[in-house]
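Presented sequentially are two complexes of chain A, the first with chain B as partner and the second with chain C.
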Partner chain A sequence: MIPSSQIGGGSLKRRTFLASSAAAAAAGCGRKPAAAPGYRFLTPEEADTLGAWVDTLIPPDEDPGAREAGVVHYIDIQLTRWFRKHQSDYRAALSAIDRWSWSRRGRAFALLPLAEREELLVQMEKGKAPRDLFPDGGRAAFDLVLAHAMQGFYGNPRHGGNRGYASWKMIGVPPMPVRGREHYSAAETFPERS
Partner chain B sequence: MKAALTALVVGLALLLMIPAASFLYEAGGPDACARCHEMGAAVGEWRHSTHRGVACSACHGDALTTDVRFHLTNAGRVIGHWRGEAGVKARLGPAQVREMLVRCRRCHEQEFASWSQGPHAVAYRSIFLDEKHNSSRHLMDDCLRCHGMHFEGGIRDLVEPLSRRGPWRLRRAELAEEPAIPCMTCHSIHRRGARHEDRRLEAKVPGPRQEKFRPSLAFFDRRSQAHVEAALLPLPAMHDRGRPVRISPDPRQALCYQCHAPLSTREVFSGDDRTPVGVHEGLSCLACHEKHRQTTRASCANCHPRLSNCGLDVEKMDTTFANRSSKHNIHTVKCADCHPKGVPPRRQRALTSAD
Partner chain C sequence: MPLPKVDAVIIGAGAAGPIVAKELAFVGWRVVLLEKGRWYTPADCRKDDLRNQRNPTLGYPFGPEEEGNPRVIVELNGRERVVKPSEPGYNNNAFCVGGGTLSYGAMAWRFHPNDFRMRSTYASKVPRAFENSTLEDWPIGYEDLEPYYEKAEWEIGVSGDVSGDPFKGPRRRPLPMPPLPPTREHEILEKGARRLGLHPFFIPMLRNSVPYHGRPACMRCRWCVGFACEVDAKNGTQNTVLPMALATGNLELRTECSAKEILVDDHGRATGVAYFDREGRLWEQPARYIVVSCGAIESARLLLNSRSRLFPQGLGNRFDWVGRNLQGHTYTGANGLFEEIVYDDLGPGASIAVCDYVHGNPGLAGGAMLANEFIRLPYQFVSGIRDPDVPRWGRAHKEFVRRAYRRIIPVQGPTQEIPVFESRVTLDPKIRDRFGIPVARLSGYRHPHTIEVSEYMAERAAEWLRASGAVKVWLRRAGRGLSAGQHQAGTCRMGRDPKTSVVDPWCRIHDVDNVYVVDASVHVTNGAYNPVLTIMAIAYRAGDHLAREGRRA
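Coming up: the complex of A and B.
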């Protein structure tokens, strides 16, 4: 047996060690998970999962999808601002859908093909997701992410989404319409035309 | 004595803390700036911009900048970041936009000189205290869309009284001589772009190598507090008494149309529209107007010595659109103005003899 003095624990009592470990664990649980590089709130795994989620709602075709249009960044930014109250909802929903995906498909949600992701989200939309993961069957989480994805995709880029006016270009809305005002009357400037 | 010494040390420490945030930003070059989330987008854009060879400090100042406001702004940003109150994207305030003029001038002297002699270098005082305008038109927030667009606040924060009866005065007197349409109205410094082609080739070798427009060209959208690149700005479908008017596809003039805009009828010359009709229909604004100074001097010679069949010295014609007695308003002049009895048939070129 190695004497306790050789492992530097001569004065550490078992009770003290347990108490310290419990305290460290508690402190660890209270810490916020580290955000992914370039993100403010979402962890790398959460950002991937949310990216796959919003890309299922607004998939890319000849125009950018939700992820490419910066919807994940929009939600991430707003989770530290106006959506602060939804932080725990997002953390819980992203964790739950990933666990559901692992248990049902054996892969993370972000790695599923579009059709399989769509299948899970359709179940959530109908409120038929497992109740042990989503108490209401997933409807509330689905509606929340859908609403925020729409805002991030179609809203003004100043809020962090709709990167490069992706959706406005898609639907043919100019970022800056030509808006004239009757500052001068034609009669003053072009009398021959009046 | 001891208390005075302590106060001195504390005061000195506080004084040194002011540029500390500036030191923090520039400790590791551009990457240090990008450490803050709100700076990331701006630094990312800058990396792909034509100004990527210009260090952040060259335009934004550094720890040795003597302007206390600059350091206070940086300190405020760091505090805001730590407190989780950072905005979506860091941007320049109105005072910094004005300071940028000096920094733009360091490298773009010729452009700056042209702009400062042109109508777009107009000062706040000339725009917002114009008696003729203010006594006949309402001052409104929408004025700030094209003039003083970087001003933080509404028209009532800038001018008083907001009525047609003067005398009017600027509530921010220090702005009186400041330019109301600075460089950053039409230029986005961080805009993605490639290095320019050799501009000496432009006149000689028209074609793909010819510069179409500067990648920095973008209109400052006051609502979004962001620039919209010129390529995304629309060119309106204009009409002249029901007839569709041909307009140049030059994307640069989309910037002009943002402020010199027609009314929603899209009728030529409605609102502040200047779309040319008549013999000059289809020409871009910039075919005649110099980019920064907006002068048209000698621009006729760009085309007429080679193309004109009339035998008229167009340089001596009064083509000023502002002159109400001019019969040759450059934006509307048509063949019939000089040929009231009918336009003569085009003379056949002497090709038949050659054939």
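Coming up: the complex of A and C.
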């Protein structure tokens, strides 16, 4: 559990509270942790951690990053559908990276600056994360989240990611054509970018 | 429960089955066509980048169902995996009416005349291609299939312009439709090809470039290969020969029906097919003739599952050739990064090809047609076309995708594979499908010479891209594992000798008078091209033969 004194900012206090109560509920009754409002599977704390994780993989710049583009929602939805078998992988990995962040940096992973998040993910990609947290050094969890993040960011908006065609606008391809139209003009939908 | 006897029952409504059905129904035969999957329409096109026949991240829309249809794959290191359809190693095509032709890219190639005589062409020149291989001539030649290639091109509908291909076999008629106008990629690659002295031309496609047979022209969207066509401009068996056959009143199509086995009497003649309907009820469909058209993996599986007193090893398998020589195509090529924008968002994307490297490569047996790739979807680009020098994630990766997406041209080709006897379909001793039928177990490897040819082809693709102005080029290479996939072929080889083949030159099983295998299973070799037009031509030829020679009730 996270001592609230270590976290600044009102909204985060609320999130901490929710996460704490969810964790307490889980510990007390052996029930599944409650999903965050607007989510199907992820707890508020998990959604924060995953948001920071995917924003490290696809960071915001002049175009939206993964979190803004809805990638956390994409993964959350699929964790109750096609990725159901990965539920426990996510639960374990999100908890592990947060514990690692606390022990190494004294803060939640979601609150680390980009460079420090990158540093942890690089270790995982190489399989060099602490074995007590990640039995394989983190590689499997890293690859899983990377694949899902890319799908959510570059796939169809219908699955909850690529919100507002964020990635398609970024690369300059038009959205789906409307049935019956002869064709659609990339130049009209998105101005040519070089 | 036995049903009324019919003249023919055909198993599988993919690229071949509906063609045979049409040929028979047109001469008055009563025909039943069984299909394991469903019948989809253009309204079932979802334009979903993550759920299509080419990218099953979230499953296959056109079959098979994820649950109840496992296969077993044996990897090179001997490890066995039970795989679901969307998992690597399954080697799926599609389970639906139209089969792969509902959602394919639709390249409509005739094989090269030498593709039918690989032994005669290379036995003395490239002996290492024959070491530990079953490389052989077909018992029929290009000239036998030529009239049927033409029939497929006109009846199902092909656009393109192959007049610029000096390497093609002789043909009597041109293609019925002109090519779609060239893309930006086409124009860039054409200049490069000419610079190298190659002979570029417009890829023949089973796709309407102008209205044809009552359906419209392609609207050039990018959801093409892997998808059902939203405007029905792509020509498969499901929107051409099948409606024609049904219109005769002589054909009954039964969907969601899974064949269990071919039934054989004590005289060695097949009497019909046992199959499960969608509710799992078992039926018997008696027929005078049985045609197996399930694709190379499932056709072999059905024959192996059809065991009887006279054929304890499975139908047609007296000499252990059913399921052998499983092959596909070894795709290699290169990606080229250009300074200028090369992407114009026009589907189907694939447009230009050269056949200069199909045969006659120094010291090599066979080769490949090379073409530009179908139009990319963003996730496909990110997962498959990355410059290996660019990180997999982070700011640099995002910057690369943003800048390079519209500046990359992939060129690739299907290297003709050297068949291997040990690459095969068998029945798994333990794993069964939802009906309790033993599933296909896939094992084997690619012949070393296949890899050698494919490396050469990747270099040729790179050369073409550099000549076209690419500022950076990286290769796409092939692994050594088993090959089958959407171009799966070879498991019921056509030949004259019953000891070294499964069917005769008319696709009839050597051992049984009234059972035919009509699909890519019969391919001795799989050509240096996408195989579907050859599958269709073989089906027209076999159907034509059966309609003339077969005895009706």
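Just so it is clear, the second predicted complex is superposed on the first by the 147 of 194 C-alpha atoms of A that agree within 3 Å, B and C clash if a C-alpha of one lies under 4 Å from a C-alpha of the other, contacts with A are read in each partner's own complex, and residues count from 1 in each chain.
Please note the rule applied: contacts are C-beta pairs under 8 Å (C-beta built on N, C-alpha and C of every residue); 3 or more make two chains touch, one makes a residue touch a chain.
On a predicted model such as this, the values are computed, not experimentally measured, just so you know.
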Applying the touch criterion given at the start, work out whether A:Pro113 contacts chain B, chain C, both or neither, answering first, second, both or neither. neither
Winner on chain A touched-residue count between chain B and chain C: chain C
Which of the two partners, first being chain B and second being chain C, lies in contact with A:Pro174: first, second, both, or neither? both
A:Arg40 in the overlay: touching chain B, chain C, both, or neither? Say first, second, both or neither. first
When the two structures are overlaid on chain A, which partner does A:Thr56 contact: first (chain B), second (chain C), both, or neither? second
When the two structures are overlaid on chain A, which partner does A:Met150 contact: first (chain B), second (chain C), both, or neither? second
First (chain B), second (chain C), both or neither: which does A:Tyr165 touch? first
Using the superposition on chain A described above, determine whether A:Ile77 touches chain B (first), chain C (second), both, or neither. first
Under the contact rule defined above, give the chain A residues that sit at the interface with chain B and also at the interface with chain C. 156, 158-159, 174, 176-177, 179, 181-183, 186, 192
Over in the complex, which chain A residues touch chain B? Could you list them? 38-40, 77, 80, 156-160, 165, 169, 174-184, 186, 189-193
Show me the residue ranges of chain B that touch chain A in the complex, using the header's touch definition. 37, 40, 84, 88-89, 133, 137, 142, 145, 219, 221, 223-226, 228, 232-234, 236, 257-258, 261-264, 269-273, 321-322, 324, 329, 331-332
Which residues of chain C touch chain A once you look at their complex with the stated criterion? 47-50, 57-59, 219-223, 230-231, 341, 343-345, 378-379, 381-383, 392-395, 397-399, 401-402, 405-406
Can you list the chain A residues touching chain C in their complex? 56-59, 61, 63, 78, 81-82, 118, 121, 125, 146-147, 149-151, 154-156, 158-159, 167-168, 170-174, 176-177, 179, 181-183, 186, 192, 194
